[in-house]
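Okay, so chain A shows up in both of these, paired with chain B first and chain C after.
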Partner chain A sequence: MNGFGSYHPAVLFSYYVLAVSFSMFSMHPVIILASVAGGFLLFGAQNGIRKLFKELGFFLVLFLLMSLVNPLFIHNGETVLFFMNDNPITLEAIIYGSMASLMIVGVLLWCRCYGAILTTEKFLYLFGKLIPKLGLILSMVFRFIPLFKVQIRKINQSQKTMGLYATDSVADKIGGGVRVFDSLVSWSMENSIDTADAMKARGYGLPGRTNFTLFRFRKRDGILMAVMGALAAAVFTGFAWGSYGFYYYPYVAEISRDIQSAAAYLIVLAFMCIPGILELKEKVSWNYLKSKI
Partner chain B sequence: MKKQNEKMACPEAMDAETALENTAPYNLKRLVGWIVLVVGVILLIRLGIRLLADRKYNLVSVMIALLACVPFYFTYEKREGSIRRMVMIAVMTAIAVLGRLIFGPIPAFKPMAAIIILTGIYMGPESGFLVGSLEAVVSNIFFGQGPWTPFQMLTLGLTGLLSGLPGLRALLRRRLPLAIWGLLMGIMYSGIMDIWTVLSLIDGFNWHRYLLALSTALPYTITYMVSNVVFLMLTIKPIGEKLNRIQIKHGIF
Partner chain C sequence: MELLKVEDLTFTYPRQKKDIDEAAPALEHVSFEIQEGEFIVVCGESGCGKTTLLKLLKRELAPFGEKSGKIWFRGVEQNSLTDREAACEIGYVLQNPENQTVTDKVWHELAFGLENMGVPTPVIRRRVAEMACFFGIDDWFRKKTTELSGGQKQLLNLASIMAMQPKLLILDEPTSQLDPIAASDFINTLVKINKDLGLTILMTEHRLEEVFPVADRVFVMDKGKILLMEPPREAGRDLKQINANHKMLLGLPSALRIYHGLDAPEAECPLTVRDGRNFLEENYENRICRLERKKTESEGTKKDRPIAMRMKDICFRYEKDLPDVLESVALTVYEGEIISLLGGNGAGKTTLLNVVSGANKPYRGKLEIFGKRIQKYSGKELYAGKLASLPQNPQTVFIKMTVREDYQEIQKVMGYSQEEMEQKISEIADLLGISHLLSRHPYDLSGGEQQKAALGKVLLLQPRLLLLDEPTKGIDAWSKHQLQLLLKDLKRQGIAILMVTHDVEFAAGVSDRCGLFFDHEITSLDTPEEFFCNNNYYTTAANRISRQRYENAVTCEEVIELCRQNRKIKSGDRSQQRNGQGEAHEETE
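Here is the complex of A and B:
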């Protein structure tokens, strides 16, 4: 298969980061709808129509639940529909709640697709060199904490045998603490050098070690990256110009319909639909080729 | 680069300036790395707050820790003594965590910021950020993780990063500037953590609430400042001199 998933991991990862942050940072209905549409397109192209409808039910329940909760707790807005327990239920709160829950549905959808496309293998290819490093540092820290505690006790005891008792006076206690701390620091640093040398002797981080990966940054990755970058830059300009600004309280803003905003909406829609279209194109051509056999 | 190699070959020939800085050369790439790091962490936190109402703080913390490794990795990976430096990072983090554990019963009076400041001064800004952020996430395993963890990682990391900035490193090795710096860092810690306090209230952030939170946290801020100064003065000799010595002795450049 040569769908969206076959692109270079770096391209896929940056696309997801951008798509998810666009969907989360704006409450503009067009962006949210575009994100949900793109997410459903990709999900449908990946898993087929039947699976899509099955999931649709789950997301519908989630959507209804979350959009009903908001008006129960938020009473802002000037269009009061009715009163419940003396609390006004407003149209604005309902609209806001449904948009917010749609946003969460969209993000969840993207995360679903993300798992299928940016597999662990690709993630490790991108961050593999950092994760072992972080993991190693963290595991050393967890080892050092109890080790240092034991060492503090040892230092304390040996200082006592040397006659360096701490009396009850505060200054004396602080002095004793600093003395123990002082020798703990020197000991732990020298000890750490030993650890590092032992690791080096056993070949940690030698350059000869290679690992095989299939990923190469090809021309088509470059093209997709460029298209994505251009669209994303356009979206960022839209944010800067306020084309995606929107408010719900005290009354819902109107979606502006001039040409500039229409272009801004089209750009977002195009950005969100890239993976779905690529995936769909691949599915269609695959089926077409299969039908010719 | 060649000049650097020569210095590595014969550490005793180093001039005083290099011995003081004792790290990779400063260039534009590193500066970009610092900026990307700080901006990236702030974005991650914002993303975490937007996504599922701040419930994913564990994921965010891990991502910040990963991000904190990136500049460290790119600055020091190809350099002499990179394994030693990595183990030293682990040691400093463990010492800072232990410091917080020992002073656990006394609220806000903690040596961790002082240790992180010293790490930044003596081991460089990248190391400072890494130790600061790891210290926050590791010690919160004992003190309780929560939505505040990413903020602490950012604040303590920033403390380490700022302390390691090129001009300050040499200056802060003297006691008086260091004490003033400790006061400033205490104010910064309180200032950034109060952003979290305000954000954690239901209706979000506004400046009025922020000022109110700042004023109610004043006793804490003062405790942070005092503890920073006290611990900096107490630990500059044990930690600072030894960090310097060990890096020169074992060629961690």
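Here is the complex of A and C:
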């Protein structure tokens, strides 16, 4: 699969930074809607429609909860709908609340997709260069975590089958846990001597260590970077010109409908939909290719 | 030019407080030369100084201690090698595949050494790709290192060292933690590297069946000295002449052991199964094809014996959605018998033992231990004086600072008094011959000693059903022999033993019944004689050597016995036979 995730980590990372900051730093409804749409598109393309609908329920609940909270505490706005415990509930506060929660839903959605696309490996690659040792240390840590889990289970099992701390009483459970931890510590110390030996034997500590990665900056990464950059530049200009300015209080501003604004909206939508479209395109072309096999 | 030259190397470990007498040198006046492209196997029993020697050859790993003598690598004295040469030109593979893996991803592991050398990324990319192809790693190139099997891990360790393009490859018992199939794959890879790339290889090994015949020269070490430095055929022949009771003789390939057992010095010394067959064919008649066995009492009266463990229709899976690991397994173990289960990696043998020991709970089926359902046992009741289990990794048994303290823990389970405990400990220590190890830290012991010490702790529970998981993993031939005697002794006391092992030779020598674990259940549970003689591949080397001439010989001792009964073909007969064959050929032509 050559979806969005197969692009160079630097491209992916800058895209995420831009997309998330655009959706967080503007309260313009069009940007928020574009962000949510782009997020759902990507999520759907990654995980399939069925999974999307499952998640939709969760996000809907989240959205409702959050949008209800705002009007309960904020009473700004001109249009009073009704009073609750002598507090006015206003239309503006409801709209603002729902927009704000929509924004949060959007950002959460991007973060969900982010985990699947910008894996730890890619993250390490990006920041390993800043702190060369960190990359190696993290890589060793990632190896140790599953190793520990397995070892804990083994120690536990063999201690129990010797009848030591074998009952289900609380005292035995705590005692057993302490012992297992004890044994795990000496086990890992002892075995890390071997690891240190193996590292030394393979020349760790020689001057001039390099960092190897599997990632390559290809032509398509350059193209995507350029397209992204152009769109992002346009969005920034839009911000500068005030095309994305919006206010909710005391009354909700109107969405401007002139050609210039329409272009600004289209640009944001295009930017937010890049990953989803790339991912979908890949799915479709893959299905097509598969049908020919 | 010689690649490596060692001159009069003597090494003594620093004296420890606990040692009363003066420490003997670990190596004494060792001198040898290794030519480029040689494949050398160093063998000797545990603690003979093999590992010390290998570590001294790799400067980064050299142990602390008193050293005299000189080591030259490619004409340069070891101390004057640059750091880069010393690290990169001598590759070293350690025993345990797990501990020498450094990073979390396979590709990163392959590149690790090259990164250290400061090789630029495009070159690393090429070398890593090349190595991955050569070793057939391409399929799991992007996997996590923790997900690999033991064999794959060791192959990865080898590949990641080969990526650094060393001039000399040193391996310290690289296959001791692997199952036989993975081990023979690994050795074949080594042979391929040696033949195709001309790389010089120096390795130690306990299991010599496969590696002995392919070596160019064999070094036999004994108590810090090199006893023999000869091609395998000569080494095999001469070892017996030096000392007819040498412990190493037990570790030699089966063909050689049969040859030694028959005392036929005039014949050419056989190394492989094929050689062994020819040797038997040329030298021994086969008028008597069957070895008459004494019916051992365990077979004759087995049905009258009490049942130690009985399982019926046992089904087990680790998680709801995963497939069954055990499927309707049925097995009955009688008191005073040893049952061995053989089978491939990941077949579920260990899972079965864990079900019996109560660590895994089957979701269906009936399991009775000494006539009582396992669910009815509560707390430690099952483990005190009834059932004990020795896990595959003996390190998981130890928790305290010394072996003795660990042993004393059993007091809590068994409710011994202080004196009783001390007495039991010394009894067990004597039985296993580990009295001198009691005050040591468990992790300071060698692999074989750890195994024994762990067995000791388990035996303190006075079990009547003993479960053993791979008891011969990583121990030398002599210790295996000792373990065999010990297990037989336990059996005589009426203890039932259920053992899971890869070691076909060991199982053949010790078991009353053997079974193959395959496709989630036990198939063909039978006496070793029936079991191994009906298998073509899954059988002992001795059986493969003799199967064309004799019907039911399984161990080396049995082959030797049969040959003795059959008497030798006289040299006159043999030449006649040969002439006869020659004439027959001429006639047909």
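FYI, the second predicted complex is superposed on the first by the 209 of 293 C-alpha atoms of A that agree within 3 Å, B and C clash if a C-alpha of one lies under 4 Å from a C-alpha of the other, contacts with A are read in each partner's own complex, and residues count from 1 in each chain.
Everything that follows uses one rule, which is that a contact is a pair of C-beta atoms (placed from the backbone, for glycine too) under 8 Å apart; a residue touches a chain by one contact, two chains touch by 3 or more.
These figures come from a predicted structure and were not determined experimentally.
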Now for A:Asn287: first (chain B), second (chain C), both, or neither, which partner does it touch? neither
In the overlaid three-chain picture, which partner chain does A:Ile155 touch, first (chain B) or second (chain C), both, or neither?
second
Task = Scan A:Met199 for contacts with chain B and chain C and give back first, second, both or neither.
result = both
Check: Is A:Phe212 contacted by the first partner chain B, the second partner chain C, both or neither?
Finding: second
*asked:* On the A-aligned overlay, A:Leu136 touches which partner chain: chain B = first, chain C = second, or both, or neither?
replied: both
### Message
With both complexes superposed on chain A, which partner does A:Trp187 reach: first (chain B), second (chain C), both or neither?
### Response
second
For A:Met24, using the defined touch cut-off, is the partner it touches chain B, chain C, both, or neither? Pick first, second, both or neither.
first
| query | Who does A:Glu121 touch here: chain B (first), chain C (second), both, or neither? | reply | second
Is A:Gly163 touching the first partner chain B, the second partner chain C, both, or neither of them?
-> second
Residue overlap on chain A between the chain B interface and the chain C interface 136, 140, 142, 182, 186, 190-192, 195, 197, 199-200, 204-205
Residue set of chain A touching chain C in the complex reads 121, 136, 139-140, 142-143, 146-147, 151, 154-155, 157-164, 166-167, 179, 182-183, 186-187, 190-192, 194-195, 197-214
The answer for chain B against chain A in the complex is residues 43, 47, 50-52, 65-66, 69-70, 73, 81-84, 86-91, 93-95, 97-98, 101, 130, 134, 138, 234-235, 237-239, 242-243, 246, 250
In the complex, chain C touches chain A at residues 58, 60-61, 83-84, 87-88, 91-92, 94, 96, 98-105, 107-108, 111-121, 124-125, 128, 144-146, 157, 160-161, 164, 354, 357-359, 378-380, 382-384, 387-389, 391, 393, 395-399, 409-410, 412-413, 443, 457-458, 461
Interface with chain B, chain A side, in the complex: residues 20-21, 24-25, 104, 107, 127, 129-131, 133-134, 136-138, 140-142, 144-145, 148-149, 152, 174, 178, 181-182, 184-186, 188-193, 195-197, 199-200, 204-205
